[in-house]
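Read from first to last, the chains carry the letters A, B, C, D and E; within each, the first residue is number 1.
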Amino acid sequence: MNLFLIFISAAVVNNFVLSYFLGICPFVGVSRKVSSAVSMGLAVIFVMAISSVFTWLIYHLILVPFNMEILEYVSFILVIASLVQLVEMFIRKVSKPLYDTLGIYLPLITTNCAILGLALFSVLREYNFIESLVFGLGAGAGFTLALVIMAGIREELDMAPVPKYFQGAAITMIVAGALALAFMGFAGLISI
Amino acid sequence: MSIPSPASSKGKSKLKEPENLLILASSPHLHTTTSTQSIMWQVVLALSPAATMAIYYFRWPAVVIILTSVIAAVLTEAVINRLKGETLTITDGSAVITGLLLALTLPPTFSIGGTILGAVVAIGIGKQLFGGLGYNIFNPALLGRAFLQASFPIGMTTWSTPATLAGSAVDGVSTATPLGLYKFEHALTGYADLFVGNVGGSLGETSALAILIGGLYLLIRRFADWRIPVSYLGGVVIIGGIFWAFAPNQFPDPVFHLLSGGLILGAFFMATDMVTSPITHLATWIYGIGMALILVIIRLFGGLPEGVMYSILLMNAVTPLLNRYTRPKIFGEVQS
Amino acid sequence: MAKKQISIWQEIVKGLWRENPVLATLLGLCPTLAVTNTAVNGLAMGLATSFVLLSSSLFISSLRNFIPHQVRIASYIVIIATFVTVADRFLAGFFPAISQSLGPYVPLIVVNCLILGRQEAFSSKNKISRSLLDGIGMGLGFSLVLIALGMVRELLGSGSIFGITLLGEWFEPWMVMILPPGAFLTLGFFIAIANWINDRRATA
Amino acid sequence: MTQHTSGSGKMVLVLTLITALSGAILAAWDSYTAPKITYHREQALLVAISQVLPAHDSTRTVVLNGQTFYEAFAGDSLVGVGFQALGNGFQGQIRMMLGMTPDLETITGLEILEQVETPGLGTKIAHDPSQRSDPEWFTKQFNGLLPSPELTVIKNATPTHSNEIQAITGATISSQAVVRILNQQIESARQAFRTGSEVVHG
Amino acid sequence: MNTATFSRGVHPHEYKELTSHKPIEKLPAPESVFIPLQQHIGKPCEPLVAKGDTVTTGQKIGDAEGLVTAPVHASISGVVKSIGHFPHPLGGRVEMIHIQNGSTGASSDSEILLDRPSDWEKASPEELIRVVREAGIVGMGGAGFPAHVKLNPPPDKPIDAFILNGCECEPYLTADHRMMVENTDEILLGMAIICKILGKCKGYIGIEKNKSDAIQRMQERVEALHYEFAVVPLEVKYPQGAEKMLVQSVLKRKVPAGGLPLDVGVVVHNVGTTLAIHDAIINGKPVTQRVVTVTGDGLRDPKNILAPVGAPFQDLLTYCGETMSETKQVFMGGPMMGLAQYDLSVPLVKTTSGIVSLHQEPVGAIRQMPCIQCGNCVSACPMNLIPTRLARYTQNQRYTELVDWGVFNCIECGSCAFVCPSSIPLVQWIRVGKNKARQGQKSAS
């Protein structure tokens, strides 16, 4: 049950995008079309899941035993960057269609703060290995949910007479604000 | 100009003929007599029983809130029309509905300043920033209310006891809503009181009877899609009923779910807002059941006693996706 | 590149408006939204980011001929992460209250696209002095927007600015402004206003 | 990529150098800041302990059954016991320092160390700006309460019993969460403190 | 009565009472007729006469090579005054043969008949089809598709049913109704001929319930004459007469998207077409005249008229008491699909089922509002399309999505625009969209 709560909390209650403001750049940048949003979301879920596992291992098996917590940020970001690189190479090798749908989004993910944020929150909340993994999956699912909903809305708004100065990024922020208001309805789901 | 606009070509094509001026328009040349404007004003009419009950139960404060909200909504619309340099759209009645519905979702003791803010947000951000009538993604009245709920969490959850025929005006004695009582004190309220509305709550939500009168009018005139109240309320009965069947001591029964809070008002007047609800029939069913699921989860497990507003806003958000992925099978199309 | 060098002044000023990281290029949005619920937080985040930006620009621009192309991103990341750690520990050591309220958003400067973006686009190609000016301008532009956002949100959400109560008892704060929706809405309006000003300037 | 194979040695070298440099800088910086950070952390704890416990002139930390207690002494006599209580609030974890008399029957003080409740609502458990005269009225209510039987929350009324506290308007859930966490942890603290075998830390 | 129908569709007010009881009258011969060389889908005809030639009623005056085309015939006897481009009721100027009534010797009663088999029951289908072609018979339900092509389906598409389209679902129109009441036996014989041409196939007669006298009469005559045809009463609903809907209503068969009734073994013909086939095979008469309803709130005396092809609209309207003093709108066909006219010198063509003249200001155009996503158009569309999306995609030049959402399945029936409370000219947008999407597809390939 606890794992379930971690998942729900990361996915909807404390949605990474809408209440932690993590991964806003891709949220704004890759939400123009539903199809790319779905691919990006899948890529993020995948990277989040494996990077939460690896950063957990690095932190608890190397940094803590050797008292090198000061290297937390340097090592996390290196691990994430190289993981993304490896995954990209791997996908390119095994499946061309998969690469075309997911691969092109992978480089974008390296500099996505949601991935690093995930690792940092895991450490901060003292999650164990399994909890970290579930947290990663939940956060990825939440990111995807927000991204795909946003893309659906933006495809619609592309055809709406949005006032001139609000077209583009501004209305995207307003929609995100409205979504964040709506997601506040889930507040407190985890407290009981 | 790559696309000729029908409106402009219509204007231009009034050719002068020796014997007469004949209007050239594209077929069909017959139209239904129901106009968007008349629909909107009839929705206002349909809301009048609920508004009347609000005034009966909560007296002057209700009058003040309703008037403030409607006037603020209409003025905001007018000002934005001006800023955008368009013709005034306030006579189409949609801003009046938004203002009226916002008012009906506010607590009787809510401040005038807060009411104005809510109406400005509803029309300004909720409707006009998205492109005006027909283009908004979220229900404007509910977006305004959600803004107020997040801004003034205490003011938005302070309720007063309704007045009755016997009782005098509202005396500011604060009370709790049936859902609040249930959630925080695990106390149930009688069905009769719930049905006629003799309970604490937002202005227009307390009397199921008054709302049903207007709501049925909307359904009969086909201004609201019957699938929405049927799927939403039906979903709540079924989903809420499942929880109740498993743990009747822990969870309230479906009738209580139906009659308490803003469910009936939301199901008949807000979820049915055509602009923000889906257009395909399959999507409409999913929309209704989705709202029901979110509502029951929030009511039973969330931090808030009530979830109607959030359930509708959240399903508004996925409506573009629903519409997109439920394209009906075209006549004669084979399932692939 | 025989392109005419723009003046020192312009190098700094471009970050304030024309190439403002938040309003024009939409970089570094996460901290912009996350920590601007008060003006102080905006200021602290702006300074921390500027510090990282400046020191890594300095470093990278001096090493620019030395770092092979293939490993440049990895090298930048390491350098940036180093300075972020420095800034984070500094705040924790000397301003524990601010450090606590910024939470994990300081370490997240590591992945702030603004910083990596400037290294990639500017420091790796320009002299140390130019890179410094660029960093100052960008850092300033970023900080100013963060402070402005923080001020608006704090004023409406708490009735104060930099902790000083400005709006009296009559004002009931709009709590939403210091919550996530307020962040998105305020930034949306900021971007729209920037569009409007640009439009006015273009037509003027 | 292949034409640069001769450079791959250089690549590794440069990256290694940069990482080493980074390590060196950070090691130096760590040795400079780490004591300060530790100091702040301990200071915060000490302040909290001293605030929740009656006047004392020395403290010591003991671990009983894996649970940490801070004992306060005035002279030689044990005047109070402090311990941390942790649990889920409305949005996330609430961490508190609770002070009690040595018999663990009466509360002597409560401090909220960490919480991530909603600003303006749940955060009032720690600091309520709307009560300008006494922003910490919520935690102060706990002084002198007798959590036997359990602490209970009441709404919209003034408490009349010595185990009751008043909920914060609009933040009933956070108020209830505080009380729920305290009830649970007082119970386990009593178990540990009364039966546990002692490990003393300085 | 359990009546058959299709799903969705609309119920516009009928206005049929203006003419439904009025027997068909013959128009006095007009002074001139203008016979368009194109009155059908397919290749236009070449003129077979020249200016100054004398022609006789029934004389073939235009024809073309090719399968999908149909000849045209002189509808009155007289002199060819000119061959030139004149306004056509479908829009634009089209090559027409202008014939002035009987100024030279030939008697006005004389008529040229078709060369045809003496006993149709013994004739081969090929022979009958040739007569149908020579008679210039095209779909008189409005589409104008050459009948001989429809009657000669490819061998891999066996036909087992013929439906007589007696729906006449458009408001105002009563021409088919009157023909069914007055020419019942001829129509039934026409059906028998069609069924023979098509081979083993059963005949169905689909009539909307609002024409109960026609249903009754058809029923009686079918029994009296021992035909094996089924009379199928249909619910009154627009566009019941659209062939895909009709096939669904009568036979419960779904014509595949992008397909034709013959894909499900069905041929559909309009009442007028069937009568014309009878006239050609039995009497040797080519299409030189047709029954047309001339009606509207502006006419003193609305009528069903048998009029020669090529007669100007003006003449027909004047005959029915139109003064033009307050006329706001005239269209060819019914109000749902008809085409608005601005020049009343246009001639009656083979596909003109009605001419409607209105004095009321048409509602709608003035009070156009934004789409409120009410979904009325979705509930109305018989093809199960999402008209509001199609319009919005067109407005935003999203032609890929437009095609994905099935714009080419739209039959332009107008049900969507009829029900739209915001008076959005949906059909017009859809037509624009179809054109643009087609251009895009062409330029892509």
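We adopt the following convention: contacts are C-beta pairs under 8 Å (C-beta built on N, C-alpha and C of every residue); 3 or more make two chains touch, one makes a residue touch a chain.
As the structure is a prediction and not an experimental result, all values here were calculated from the model.
Q: Which other chains touch chain B while also touching chain E?
A: Both-contact set = A.
Q: Just grab the chain with the largest centre-to-centre distance to chain A, centres being mean Cα coordinates.
A: E
Q: Based on the averaged CA atom positions, which chain is farthest from chain C?
A: Greatest centre separation from chain C goes to chain E.
Q: Of the chain pairs C-D and B-C, which one is connected by the greater count of C-beta contacts?
A: Most C-beta pairs in contact, of the two: C-D.
Q: Per the centroid of Cα atoms for each chain, what is the distance between chain B and chain D, given in Å?
A: 45
Q: Rounded to a whole Å, what is the gap between the Cα centroids of chain D and chain E?
A: 85
Q: Using the average of all C-alpha atoms in each chain as its centre, how far is it in Å between chain A and chain C?
A: Computed value for the inter-centroid distance: 22 Å.
Q: Cα centroid separation between chain A and chain B, in whole Å?
A: Roughly 33 Å separates the two chain centres.
Q: What parts of chain B, by residue number, touch at least two of the other chains?
A: 125, 132, 135, 147, 150, 153, 303
Q: Which chain D residues touch at least two other chains?
A: Residues 19, 22, 26, 29-30, 34, 90, 118, 120-121, 173.
Q: In chain A, which residues are in touch with two or more of the other chains?
A: 70-71, 74, 163, 166, 171, 174, 178, 181, 184, 187-188, 191 - these are the residues of chain A that touch more than one other chain.
Q: Could you list each pair of chains that touch one another?
A: Every pair of chains in contact is listed here: A-B, A-C, A-D, A-E, B-C, B-D, B-E, C-D.
Q: Under the touch definition given earlier, write down the residues of chain B that touch chain C in their complex.
A: Checking each residue of chain B against chain C gives 111, 113-114, 117, 125, 147, 150-153, 155.
Q: Under the definition above, what is the set of chain C residues touching chain A in their complex?
A: Chain C reaches chain A through residues 26-27, 29-31, 33-34, 73-74, 77-78, 81-82, 84-85, 88-89, 104, 107-108, 110-113, 116, 176, 179-185, 187-189, 191-193, 195-196, 199.
Q: Show me the residue ranges of chain C that touch chain D in the complex, using the header's touch definition.
A: It is residues 37, 63, 66-68, 70-71, 74-75, 78-79, 81-82, 85-86, 89-90, 92-94, 96, 157-158, 173, 175, 178-179 of chain C that touch chain D.
Q: Which bits of chain E are touching chain A when the two form their complex?
A: 392-393, 395-396, 398
Q: Touching residues of chain D toward chain B in the complex: what are they?
A: Checking each residue of chain D against chain B gives 90, 118, 120-121, 155-156, 169-170, 172-173.
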